[in-house]
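Both complexes below contain chain A, partnered by chain B and then by chain C.
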Partner chain A sequence: MKENKKISRRDMLRMAGRGAAGVSLLAVGGLAFWKKQKPEYVWQIDPYKCVSCGNCASYCVLEESAVKCVHAFEMCGYCDLCTGFFEPEPRKLDTGAENQLCPAGAIERKFVEEPYFEYNINESLCIGCAKCVKGCTAFGNGSLFLQIRHDRCLNCNECFIAMACPARAIRRVSSNKPYILKGAS
Partner chain B sequence: MLLCGLFVSAFASAAERFPPPDFVETEYEIPSVDYVRQAGPRPEWMGYLDVAVLAITLCLASYFVLKLRSRKAVFWLMIFSLLYFGFWRKGCVCSIGSVQNVSLAIFQSSFSVPFIVLIFFLLPLVFTLFFGRAFCAGVCPLGAIQDFVMLRPIKIPYWLAAVLGLFPVLYLGAGVLCAATGSGFIICRYDPFITFFRMSGSIQVIIFSLSLLLICVFVGRAYCRFICPYSVLLRWFSRLSWKRITITPDDCIKCRLCEDACPFGAIEKPTVEWPKENYLKSKNVLAGLVILLPVLVVLGGFICSRLSISWSRFNADVRLAERIYMEDSGQVPDVSNPSRAFRATGLSTQALYNDAEKIRTQFRLGTWLVGGLLGFCIGTKLIGLSIHLKHEDYKPDRGKCISCGRCYKYCPREHLRLKKLHEN
Partner chain C sequence: MGNNEKKVITDKLILVAVPVLIAIAVTAIYYMDIAGEAGNKLGKDFNYDVSKQAVASSENPLYEESQSPITTGLKNPRAVAVDIENNIYVAGDSQINIFNNNDKLIRGIKTKGPPRCLFISKDKTIYAGTNNTVEIYDSSGKEAGGFKHEKADAVLTSIAVSGDNIFVADAGNRLVARYNKKGELLKVIGQKDKQRNIPGFSIPSPYFDLAIADDGLLRVVNPGRHKIEAYTFNGDLEFSWGDYSSGVEGFCGCCNPVNFAMTSEGQFVTCEKGLVRVKVYDEDGKYIGLVAGPEQLVPTEKAVPCETPEQCQLGGFDVAVDGNGRVIVMDTLHNTIRIFEKIEIVR
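For the complex of A and B:
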């Protein structure tokens, strides 16, 4: 023992502890890395669960919500009196601008042929408030719905709109299929 | 006709109230909803850039602290990290939160931890194991923002700092438990400084962040010392570190000049010679404390397990199940939004109760473990206080020291070293 006096007992214990800490780090890292084969996850709104409460517009940590309205044209009825575009209970039932629903003016209405109109979402204006979604789902075909846009979403660990969602419609989905689209084949 | 259809269909349950039209007059083609998919996520190289910056800043921080011995260099590195990880990357991804991703991936079968997040979890710990907590001083943006506002640091009594220092253990336990049960990432939810990085947040969070920042003016790095859950791991690893920061570049001359240098109370004074007659008494105290340790572990577990019901409410399923139960048993008159949405789905209440019960069981086990860990920490702290380890120099406490390098300039030996360096 006397010859090995160079290493004190305290250092010896510390070395052992260091080794143990290193091994435990390796173990945790290895375990987590081994599970890495599974795909990564991103947040998404299930449009079939969404109750269009409007929380998406205000609870996202981004100044301009990562949630935008999406239009499944295949499901759209191309109605003249679109309840996603106009107030469901207007004072006078006509196509006047005062009857339009979208607070940001993000829905563009384009005449196709008698009596059909195409409705396009201008995404740079859309704030994800779900007013049009509510109107369309209540009285129309439900072709308008909300989606988290992954070019904007920060993929926070704790999604603040998911926490605020009353319908628990926001969940983590595999990043291989990052969108839950209505009307898509 | 359309109007008529509108009113009829308002009460119809089918989704396709108005069949998609056949366009006959024009060549109109119905666009596909697939246009959404074109917008992909942010490029992956940005994540790897973060990892590279983390690795470089960690290397630099360790070099500045151990070799260069320059507070100024550490300070500028800290500013860089605050700008890059804080204001540019908006506080995400961070090592503190990564603890939760790792525990989620380990305990929940369907989740994995992204490679970048795993590196953010491991790399600072590895560096701490080798070079001490240079991560806290130079790389962590949350530490940097507190360092920045520390204008009038006051001294916290030792006992108070020791008691407050137990909170991070509890917080880490709660954070890991909530992540492991898939209930949420509470460390991210209550991140106090991300409001500054993002320049947004709800009014409650902004008030909380501002008041914590105000405390940090007087209490140096209050978040790091008394809240940060990652600091628990860093403290453990730093105690075992291979190299570490020293106040003096060579020999301590016990001039006492550095005694009050540390705003975080991390400098240990040399131990005084123990009176011989106390020896037997303190041996008995130590024996008593060693026996007390398992008692403290069990007691801590028991007390903490009383919290399992309230902690389980971090889980949305448990909250919903409790609410629905209260509504069904007539304890509350109205119906909440979440329960209305749940009832609209037509899922069975019993299945929800079963899920909630499963999560509560997990929380019961988890709170026992967290409480046990807390009891263990209290016990080992008491044992540590009763053991008399002899050391003759002024030196930083291995666990508490965050390697900021403020104490260098207090040491006359350091001034001598710099002078020699200058002459050469």
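For the complex of A and C:
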């Protein structure tokens, strides 16, 4: 016959404590899993609406804007006379500062083969002023465009550059697909 | 100082401080500019400004728009051509629309693919380039043949016909192909060849035009080099002309001219994108004058080349010249055909 075992108050408290700890562990794990599954929303610039006004450089709450120029190589013409790299009337097609369009010198020009050149953005120098974007869009294929870089962006509840955008080109997108890239098929 | 006196002073301070603080707050909100209305405040070094060149490129045109524009009737017009009777043909979508001298639509011909280029021969046979195919129709719009340009990634952007030769410009492969009327490939022209002193075509965007001049040479645009090159039918490069300049006498931007047409006197009428302008050069490439510049062609009061990305990417106008010397411009921004005549003729 089974003996009727009395549970002491101390044992009962111990068991209740263990139970509560297990439940909380499960809850925290579940919450973490649920958060990982559920997409968050981040701010991004729609390059097809952006009018390259330059407000992104000035209105971001960060001292150095989280907006940077990016390059869709798939769309680029690799031009010798790149209108995103050179001033409208360059004296010479070389990397002299007086010929470069970017005031921050953030675009690097690299010879590929005659007559093609590759252009890369040095993000540490780029301030997101969109001057190159305007030149490339007006005359070229529009392969240079602006994006909010999420390694810098604070993802403010009210994004200042979104409020200051005259084209309403900045909107929230899913964090699963945080960039709106041109030329991405 | 008694407690009462202290209280009176504090009350007075509060009475002054509160309105001052409110005034400061209201002024701060007023000047905060959260809507970005004050612009980027970056200074003139950060502004991209070609309005000076746009204005300079619009001065003293030799031509004037002589009549109201004609609506193309297409969603996405791509090419314009004229026939021997000065009927105007516009190609786009999957159709070719034909307008008579009174600007009336007389016929619409359905094509199999979306036409990107057009040529009308003297007997009014219609040659249309659609993707990698040349479609041929007779003057009544009946299918009269056609052939495939056997190249992967082909983008046919121009066609010209002379005798039994059909020349097609393939922007995708950066070459000109010479076919006979049976569709047999006779020659590939313009591929980079150091020994023959051929630099190769540089085509950053899908604009690559050609025409056959009365001197029997093929004229092909090399847009990345800002040149018009003359080739024999066998592919020998004879000479070239053209240079980069955002000044009105040269070709602007990365890659221009986008299209051109030839007059009966052998002059060249060129179209540029970016700074949208239509200009005339003589047979040696010497600048003669302006047909229309950005101020006449682009829909903005500020004479800037374009405002929105859509406008910027739509500047690839096409051009044709009819038997009366009228310049027929296909305006992709307004989706119309615009007709320009020499000012002395109009007045």
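Criterion: the second predicted complex is superposed on the first by the 138 of 185 C-alpha atoms of A that agree within 3 Å, B and C clash if a C-alpha of one lies under 4 Å from a C-alpha of the other, contacts with A are read in each partner's own complex, and residues count from 1 in each chain.
Heads up, the rule we're going with is that a residue touches a chain if its C-beta (ideal position, glycine included) is under 8 Å from a C-beta of that chain, and two chains touch if they have at least 3 such contacts.
Values in this document were obtained by computation on a predicted structure and should not be read as measured data.
Taking chain A as the reference chain, the count of touched residues is higher for B when chain B and chain C are set side by side.
Of the two partner chains placed by the overlay, only chain C lies in contact with A:135; chain B stays clear of it. In the superposed model, A:22 makes contact with chain B only, not with chain C.
Within the superposed three-chain model, A:163 lies in touch with chain B and with chain C [touch as defined at top].
In the superposed model, A:115 makes contact with both chain B and chain C. Of the two partner chains placed around the shared chain by superposition, chain C is the only one that A:89 touches, whereas chain B remains out of contact. Of the two partner chains placed by the overlay, only chain C lies in contact with A:52; chain B stays clear of it. When the two complexes are overlaid on their common chain A, residue A:35 makes contact with chain B while staying clear of chain C.
Touch criterion not met for A:100: it reaches neither chain B nor chain C.
Comparing the two complexes, residues 49, 51, 53, 76-81, 83, 115-116, 138-142, 163, 166-167 of chain A contact chain B in one case and chain C in the other. Chain A contributes residues 10, 14, 17-18, 21-22, 25, 28-29, 31-33, 35-42, 49, 51, 53, 61-63, 70-81, 83, 93, 112-116, 118, 138-142, 147, 149-151, 153-158, 163, 166-168, 172, 175, 178-179, 181-184 to its touches with chain B in the complex. The touching residues of chain B, counted against chain A in their complex, run 2-3, 6, 9-10, 15-21, 23-26, 28, 30-34, 36-37, 39-42, 90, 92, 97, 100-102, 105-106, 110-115, 118, 121-122, 125-126, 129, 184-186, 188-189, 198, 200-201, 236-237, 239-242, 316, 320, 336-338, 340-342, 344-345, 389.
Contacts from chain C toward chain A in the complex involve residues 33-36, 39-42, 45-50, 53, 199, 202-205, 224-226, 244-247, 252-255, 273-275, 305-309, 312-313.
The touching residues of chain A, when paired with chain C in their complex, are 47-55, 57-59, 76-83, 88-89, 101, 103, 115-116, 129, 131, 134-135, 137-142, 160, 163-167.
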